[in-house]
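After this come two complexes, each holding chain A, first together with chain B and then together with chain C.
Coming up: the complex of A and B.
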């Protein structure tokens, strides 16, 4: 029997140049959105930005490959030092496939589709529906979580994996949503430490992920 | 006039790995496949999230082997799953640690794996979330839809389910043969063999 020597993933079938990734092309469906990128943000080349409305990415935020930012329901605003992981979707349609527009707020200005505060982490496969959804500063939206349209999530919350926030729900600050919809309040007082750790993580990610904002402008 | 054969859905390497053309593998030089591994379409493997602190300073120089994801033999990664190395603060710097899968690991569709280490003969169901730095030992069955919290250690021969995942049972004496993935490997690919009766 042959010994199990590990082999690197095959690059090119013809073997000349060494491909560094196997990234099947994703067709750019939908209009190319107007964007406002900060000069220090990191947008991976294979991020997907679609929609007619503006997409704003602020200082030092990181958008991983294959993350989707859809502005079909309104403007998408990503705060400072946010991290959006792969296959996460900001501005998603709801389960029936509709993109909500969000009612105007008290001063009559229209709410954007999705607004992320500073230091927010949106993890792999999370779906933040459009329609005036606000994610407060420092919140972590876990893997596979679905945040309903128009929900207002407070600051420094933790939404663990596969949890759901109903449409229009208001989540108070420092809430932890875990297990099958259970809630509790996070009293650890570690918000500053988490923000500092997020800044360090962003320093490392900025060097690892090749940024290509020019592709979207 | 000769016709080239139509391009198959999978790339088959000389070590027997079957990698789908529609899989998304980022940073392939940091991904190690053991051999006879199947990677289905829509799988995403982040090999670019590699360790930034080198494990040891080599005197001879040359590029260090910086493995981000190491996968064993006869593994099966189903559609839509995502393998990503876990990361944490280490000595004041944020760094990613390698994700190591053993042999005969089945990863179900839509699963996200951020574990530190997965042993041999593990069956992970669909839509499972394995949190960062979890350690799964050998002969474990993780049922569909479970959420394994970060840093959890799952001992050998357990059956795990729930959100958060709890050990709900043990693998019975005769249940070990069910973990073998050699037959499943033959049914996939450009020339799939039908399953044995």
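Coming up: the complex of A and C.
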């Protein structure tokens, strides 16, 4: 510490003693998964990718620090221009701790653990369980939301904060899940505007989050 | 409530399910929250005894952690002191109840006492009367009205004319009650329509909408857009769902005047009106306006005067029709000379007729509801929407203003697609007054954005606060059962609690406590206060105490150790002094023979700068055995909570106020040269909730 030249301390160093969060510490554990990253995606250094199956992150998507992508139940696919916020978990275990494996679809192919369409936003602390869960294009999975295993959420849906989608449930397109599980159809017709706003947000995030995809490859 | 937002969540002894039922959801406490026993459970025919309860299964519902509480009873709940003294035979029940108040102790489980018990944070104090005031007995006055969304202060004259809702741009979403924001929408101009002659008369193509950021509702769902982003309330009043315009009262009058002038000029319009289609559907507003103007015209025509309500004679003529008979009789007394004249004037109203056309307000009742029924039955097939989520719920409908654009019968809205935004209800800032002496107890600042108070007399600044904690001495307290849930008290075993009284005022107070020997209720517990009379030192500054401490230690540390607190008023310098603590090296500590560690009768437990702790001992009754024996059914919710009613009397000396009018008077009052001290006392009942009794025995 008394050296003249200041050496950059990596954020995940063990001498990092200051912790202010009351949630348990987040650390990398488990096998390192095979990955397929697009060249333009942004993966934060302290993101957590675990599991034996492949994790795919497509063009211009952003994975925030401390987001978890677990492929223990199957392959995790993140679409284009998606944003996965901190402490969100794609491919999470259900409340009993089991990782579901999705049943194969009509053509017999494996559904994979979690599939995110394009322009999907997964907010802070959301848990998308593994087991063939599909989140449609443009959907916003709200803060703290839990999407059950095998649920199929339609396009441009809005799941507000702390809502739940039961396992295996099918949510039609443009649904808003709000309050205590109430549903309604969103008729604003602002899907294009939202997509444009998401692209602008990704522009900003790419400059703010230092990307380190090499760490996972 | 009083700017002190640290109100604890008051769910005394309630289980989680009851909390969800009775609170407003924000965790606020209000009187009556402790609910009376349910009638179904006290059914005498129900002779099911409680099942034998095993050690592992002490409670059938998951118990919330119990926090000991103190509730104080406001003296306003006592009966009028005058009724106590009158030996009224007819009010025997009343006087007997008054005697009960005197003779019997306060029963915290009575249904009536439920409403007079308040936590200390809810009580205020009147300095003139030197009495506690509760939210029930305090008189409130409104200081100002403001909108909770835009924080704009509305003068009270506007309240009378425009109503108690915000008239600017503050609205709530009709679906989810969240706040609506004004958003700009860019609609590209339709090139086909620009040249058509109908473009000017098409419905409003505004460029601002209201949208909800939570449930994603927007005003485009009812077809309403606005031209300007401000004064939306005014724009909304002129729009109907779907963008059609709606006429306000002023505009209707103007239109009618135009029609009247046109009709008089045309001459043939009355004949044309007679052939008007009787089936034209009017909405409620138009029908009411048409009828009202029609009747006003009839009245003015019948009286032969041109104006309606213009000159006083017309007003008197109007009185002749709808005034009660007594009024016209009285008026005829004064104009009694021309009685013949009066009879003529009364016979004049025969020229009135009823409405004959929709323009005059006639609306034929269409009792055929088949269209409404098919609209409901075939909703899913015609619109393709889920009928359940498209039907407006009762709460949603109740918060809607009455929709006057509907036709009078069967036109009321039922679907969420026709719900309109709700303007915010204005809130008030209120000042509180003592009901007896009219002294102001609490007065907020009239500026809306400040949350401070100009005057704030709360009870917490005058009455000692009581905190309760269970006393467990490692060597002395017998060990409790291993599987006992936390915060529960074992039955039939003595348990000790430390009550800490903290004194807020700048005088030392003497406290006297009294409780009945056994608590009232179904499971009486034996209560003993080990030190019923004690003194609490004044609430001096911390620096004063530190200075005193230094003086004491400088004199001799040993003398401080040796001076044991001999009585309840353990005198001596400040600093903690505990009666009964083992002091090494004391030679013959006076009352320390035998129990050296435990609390002793007649002595305070611990003393501090402005607080004193005493010990009380309780021996709860056994729940299960008593419930089996008395045959009053199973143990109801919250019957196992151990509550002690306690009577607290506080005495202190305060400085008597100087008589300003005659400054010489105080000195003439027998020469009170020592500051004119006046003895004051305050007494009240309070209830201590100590904990739940375990259902082991």
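The rule is short, and it goes like this: the second predicted complex is superposed on the first by the 190 of 217 C-alpha atoms of A that agree within 3 Å, B and C clash if a C-alpha of one lies under 4 Å from a C-alpha of the other, contacts with A are read in each partner's own complex, and residues count from 1 in each chain.
The rule is simple: a residue touches a chain if its C-beta (ideal position, glycine included) is under 8 Å from a C-beta of that chain, and two chains touch if they have at least 3 such contacts.
Owing to the predicted nature of the structure, the values given are computational and were not obtained by experimental measurement.
Peer 1: After superposition on the shared chain, which partner residues are touched by A:124: those of chain B (first), chain C (second), both, or neither?
Peer 2: Once the two structures are laid over each other on A, A:124 reaches chain B alone.
Peer 1: Regarding the shared-chain residue A:97, is it in contact with chain B (first), chain C (second), both, or neither?
Peer 2: neither
Peer 1: Does chain B (first) or chain C (second) touch A:176, or do both, or does neither?
Peer 2: second
Peer 1: In the superposed arrangement, does A:23 touch chain B (first), chain C (second), both or neither?
Peer 2: So A:23 only meets chain B here.
Peer 1: Between chain B (first) and chain C (second), which does A:214 come into contact with in this model arrangement: first, second, both, or neither?
Peer 2: In the superposition, A:214 contacts neither chain B nor chain C.
Peer 1: Looking at the overlay, does A:158 come into contact with chain B only (first), chain C only (second), both, or neither?
Peer 2: The answer is second: A:158 touches chain C but not chain B.
Peer 1: Counting only touches as set out at the top, which of chain B and chain C does A:184 meet: first, second, both, neither?
Peer 2: The second partner, chain C, only.
Peer 1: By residue count, which of the two partners contacts chain A more extensively, chain B or chain C?
Peer 2: Comparing touch counts on chain A for chain B and chain C gives B.
Peer 1: Please identify the positions on chain A that touch both chain B and chain C, taking each partner from its own complex.
Peer 2: In chain A, residues 160, 178-179 are touched by chain B and also by chain C.
Peer 1: Report the residues of chain C in contact with chain A in the complex, numbered from low to high.
Peer 2: 175-176, 211, 214-218, 220-221, 385-386, 389, 416
Peer 1: Help me check something: in the complex, which residues belonging to chain A touch chain B?
Peer 2: 2, 4-11, 13, 18-24, 65-66, 86-87, 124-125, 142-144, 160-162, 178-180, 197, 200-201, 203-204, 207-209
Peer 1: Going by the contact rule at the top, pick out the chain A residues touching chain C in the complex.
Peer 2: Interface residues on the chain A side: 158, 160, 176, 178-179, 182-189.
Peer 1: Using the touch definition from the top, list the residues of chain B that touch chain A in their complex.
Peer 2: 11, 13, 15, 17, 19, 21-29, 31-35, 44, 46-50, 52, 70, 72-73, 82, 84, 87, 89, 92-95, 103, 112, 114, 127, 129, 131, 145, 147, 149, 163-164
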